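Shared between the two complexes below is subunit A, which pairs with subunit B and subunit C, respectively.
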Partner chain A sequence: MNLFVAAFGFGLVSMSVIAIAAVGFTMQFGITNMINLAYGEVMISSAYLAYYLNKAGISIWIGMVAGALFGSVFSFLLNRLVYAPFMRKGTANLGMVIVSLAVSLMISNLLLPIVGFYSVSYQEDPGSLIRLGSIALTRDQIIVIAIAVVLMLGIHALLTYSRLGKAMRATAANPTLARNCGIPTQRVIDSVWLITGALCGLAGVVAALNADSFAIANGSAFLITILAAAVLGGAGQPYGAMIGAVLIGLITELSAAAWSPEYKEVVAFGILVLVMVLRPQGLLAKRGALAAAG
Partner chain B sequence: MRGFERYKVISALGAMVVLAACGGSTSTGGSGLGSGPLLVGVIAPFSGADAGLGPAYYAACLAAAPSINNNGGVGGRQVSCQKFDTRGEPADAVPAANAMIASNSNLMAVVGCTSDEAATVAPIIDRGHIPMFCMTGQTEFNKTTLKYFHRLVPADIYDAYAMVGSALYGPGHAPYKKAALVFGNDIGSQAFVAPATNAFTKLGGTIAINQPINLTPGTSYRTEVAAMLATHPDVILTEALGAAGTYLKEVKTQNGGQMIPFIGTSATIDPQWFQQVRDAIGVDDLVKYYAGVDLGYTFAGPAYDEFITNLNAAASTFADAPKYKQRGSTLHLYDGIIMTALAMTATNSADPTVYNSKIKEIANGTSGATVVNTYKDGVAAIKAGKSIQFVGAGGQNSFDAFNNSVAGYIWVTYDNQGNEVKAGQMTPAQTATIAQAGGI
Partner chain C sequence: MNTYYAANLLIYAGIDIIACLALNLQFGVSGIVNFSFIVFQAVGAYAAAVLSLPPDTANGGFQHYVGGFQLPFPIPWIGGAIAGGLLAIPVGFVVLRKLRSDYQAIALLVLSVIANTVITNADKFLGGAAGLALVPPPFSDRIDPNTESYQYLYVGITIVAVVIAFAVVNRVVNSPYGRSLRAMREREIAAAAIGKNPVNLKMTIFIVGGVIAGLSGAILVGFIQLWAPSVWLYPETIILFAAVIVGGRGNNIGAILGALLVPVGFEEVTRLLNSNPNIANLGPPNLISALQWVIIGLLILGFLWFRPQGVRPEPRRVFEGGAD
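On to the complex of A and B.
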């Protein structure tokens, strides 16, 4: 077995998980201007919902759909009830980051007495190993990759061909002008939170399935990787987040094969720092894109 | 003799009688036990990757408090427990320790302080002059100069030797020749690597791979497992708390459904670890392929009986408390709190600078000491003017010059219900051989 080829295969799974999460996160920021640090907690909440459904005998794949729906509604309500009121009051961007951090802490501390501190696992047979040369993946891992591909194509189709997607892009570029052109920006923003919330919820279940066992702490830990992928690709750029996910997913696994696995995150974030030094706006965003979005 | 002089003689005689009566007591005539509630601080991770550690220590306190409170308290003072979450990170542990000491003038003892944070918080607690019972096996505490530091579990080095012993001499298998070391990259886990490597290689074994793994929640370990399997080890020596289930499930998946024998440290004798691994690889494979090491507990006797009664009663406060009935750390910290309360009673002092040194004396005993197994019996013996040696739920302690207590290890497995089952024990000769090979 060639370890590097095997690591490449594992990297495909990692990047798929990161991509689903990072695209949702960066779309939230790009269109609503909200850095939602509670994203990880919404993910883990959805993962736990799927866990309890799975524990009651329901297939994890149905649980995944339920997690997506939960994430969608949760994110929508989070914006409507918490973030939007603060924004209407003119809270600065940094203030909104603090608000989302507070929400993140509240969610995780509210969840802890309910779900406990023990790690849990889905009762799911991952299927036998399917080998293609040195690449060895289970059935579930291949399904995760397929889900990610379908979702990325779906996001591309939404943004490129649909009226809603075009309205999203217009709102992201200039919300005032979009509103003046007759685009119902509030409805667009609501749609964004519903769609990205669904991605968030789905990502939570996928990430939990990928990790085999999970606990509350997984939410905040995963957010760091999501942020890295989003920033690497260019904040607010869904296609950038996809590229960021590919790079981080593959680099972490390949570096584990080439070097010591304890440094794989160091390598991934080292690459991020290097890119930020050479191209501060990220791989795909134009220079000043952050300022424009802010 | 004139009346006044007679009075002086009688008074002097009376004083001599009183002093003679006091001389047989172990009390050093302290300044009194004061009033108001007493607090035991449980400083440990209650969140984060090592969140499974803190609850075991909290359970110990919840069991110890009624042992003391139901028998008059400490001079009438009732003991309570409070958690101080370090999140398993030194950066969070330092403010937690400072807040604990600054905000609580009635701290009688501190328990917990794991390898995640002991190096940073132990000096703080020592400066606060609070007796502490720390659950760290770090070598740096083998000869500590911290006067208020107590360790009721052996250094990690002995845990590592017991694992090597299991690999070489354990029951049910030929000596393993090739070992994979899979330990978390945290301070506590990495402490096992060097002594295990030294001992195993000097006794003819080979380290197939030394693989420190990142314990960040959500990590999948696929590449790590592929790299490990490529070295074809006979056995895996491991402590990767929080990640064990994920890693071992990946081993089973990538190895075509077949597990490799794995030996865990004493920290793997834990209900959470059992649940994680059982859910990951199935109970049959866990029971078949797992071997662990632990200190030799009897789980019986008057001390353990009182401990288990109070632990079960603590379920009303902390539902999971009864799960820790066989957790070594829970037993030891329970004993530590009881010994502290006895030390306060024996010295008749709530001043830690007075009673701290008494803890060691109560643990080790002095010549002619009365062995007691409960707080109630200890107080009775003290009031009767006797010196005592406390042998608690965790067994007899023997503090060395650095307040480290060492006991013998046994080899263990799990049954299907997650109960610890003794599988064997190293002979003194085997222990000596491994310690010689590994170095102290």
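On to the complex of A and C.
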């Protein structure tokens, strides 16, 4: 039984990592209507940036901030230079999925000659173990959980109380109507890519820190877990993605304890299939933060 | 240019043409973005392999797999085709019924990654990460595969398979059924409103495409004699998408052209570049193969931007019987 309690502790860390990533992903989709399949590769790029900073002797926490900034600028440019022009041209949703997959392939293969095939890990002392019953977490893991909690509260505050957040929700619900009401939707969409890109970059560093070692091939594994969490919660719904992250994080860690850690993504995929068969609209399809009221 | 090289080129071209015809039927004609296309090719290859391999205790038992039936040609190829079709049923049932078309695409992409992970980790099932080796090629009990005449024979049976695949997809595309498919691709709701059942249409095409993809996998594994998870990673599907987009979506001749330009052409160019030591040693290792993927990505973006209809656009079909 202790094994499962310990796994619950790891589940808390996992869900924090997934939540940061999945909320960013789902907001991109919900507000800009773009399924950004290059999300996992942007995460990996930021993780590598932090890795090189870390190698140069800079603390991983500064690397995390740098990763977030990098992800933010990278995602913004990706939208401005690639996605937005294709969307303006009237490329259908399906075409956009192909575009983003092509971009994802290009990022990982531009990165590959620079960083190489092999796994790397951060030089970071995870700090002393902190015990709570059978749950034992390192200081770093607790910091990760704290970052996730603060970010989720921040996203909630942004969407609920700020003018920008309200404008985002309006844009998500009906872009044309929002524009006619005087909301500068273009600026709103730009800021969405900046904010979600920061979440994406930060999530990349956090995920790499949590995974002990990472390689370029991890990008697709990240993406699958994020997709599972986002679809489970109802794609485009930030609160849904948070719930999805909690469930996916817990279930994958518990199954890793009960079965085999190799199959974490397979379990995430199993959940994805179940959701797609039983409730394709996800858990929170009707009344999420981004849906119109009522 | 010797016989082996020419045979190799022709067989790869044949396999890529069959695969592109199947993908064009699904993606170009019917609008199903099958991002797990390579999985259907892989399942055909695995099925053909275990149907033609001896039981896994043979060869000193160095590899582990289920089956091992040692059946003669053409049973492995037929089995590969059937396996592709059978896999399409549960996948189509989950993916094609309720989901929005872009969800379908990401679900299939995820399936492709996961299927690879599962087969890699399940090392007793189909050889795991190491895969299956020493797969007996067709007729190997009667003709030595290392002879020139065998190469001609394999080219011959590949061409027969290409002709059959082309005849089937052409028949479908030019029939009234093909018209329903195009109607569904252009506007699914309108097609449904005039009594076409989009789910049935998609399921059928998914299965037909799966059968053809399975066949292409069976031909490939019979030729290269080995099969492993590393040869069917999801980016392989993207090459085939690039081929269909470049060649011309919805045009079978375009799909053939795309198959010759993209997968075959790229394979040859990388091989030529790597055979030149001055270029091959340039920069970090894997630079050329990495750049190849970047160029495939650029090709997709470039064609979608400048010429989305491809080199050979889909013919505009005009109804001419209205005058009388």
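In the analysis below, the second predicted complex is superposed on the first by the 273 of 294 C-alpha atoms of A that agree within 3 Å, B and C clash if a C-alpha of one lies under 4 Å from a C-alpha of the other, contacts with A are read in each partner's own complex, and residues count from 1 in each chain.
Quick note on the criterion: contacts are C-beta pairs under 8 Å (C-beta built on N, C-alpha and C of every residue); 3 or more make two chains touch, one makes a residue touch a chain.
These figures come from a predicted structure and were not determined experimentally.
Upon superposition of the two complexes on subunit A, a steric clash is found between subunit B and subunit C. Within the superposed three-chain model, A:Leu77 lies out of touch with both subunit B and subunit C [touch as defined at top].
Contacts of A:Cys181 after superposition on the shared chain: neither subunit B nor subunit C is touched. Using the contact criterion defined above for the overlaid structures, shared-chain residue A:Leu153 touches neither subunit B nor subunit C, since it reaches no partner. By the touch criterion defined above, A:Leu110 reaches subunit C but does not reach subunit B.
When the shared chain is aligned, subunit C comes close enough to touch A:Val97, but subunit B does not.
Once chain A of one complex is fitted onto chain A of the other, the partner contacts of A:Glu265 extend to both subunit B and subunit C. In the superposition on chain A, A:Ser121 makes contact with subunit B only, not with subunit C. When the two complexes are overlaid on their common chain A, residue A:Ile130 makes contact with neither subunit B nor subunit C. Of the two partner chains placed by the overlay, only subunit C lies in contact with A:Lys89; subunit B stays clear of it.
Superposed model on chain A: among 151-159, 187-195 or 223-231, the stretch of subunit C in collision with subunit B is 223-231, the rest showing no clash. Residues 112, 116-117, 221, 260, 262, 265 of subunit A lie at the contact with subunit B in one complex and at the contact with subunit C in the other. Interface residues of subunit A, counted against subunit C in their complex, comprise 35, 37, 82, 85-86, 89, 91, 93-99, 101-103, 105-106, 108-110, 112-114, 116-117, 220-221, 224, 227-228, 231, 235, 260, 262-263, 265-266, 269, 272-273, 276-277, 280. Touching subunit A in their complex are the following residues of subunit B: 46-49, 51-52, 55, 185, 211-214, 216-224, 226-227, 230, 242, 245-246, 249-250, 253-254, 256-257, 272, 275-276, 279-280, 320.
Residues of subunit A touching subunit B in their complex: 1, 3, 6-7, 10, 13-14, 112, 116-121, 123, 126, 128-129, 136, 138, 207, 210-218, 221-222, 225, 253, 256-257, 260-262, 264-265.
Touching subunit A in their complex are the following residues of subunit C: 31, 33, 35, 94-95, 98-103, 105-107, 109-111, 113-114, 117-118, 121, 234-235, 238, 241-242, 245, 283-287, 290-294, 296-298, 300-301, 304-305, 308.
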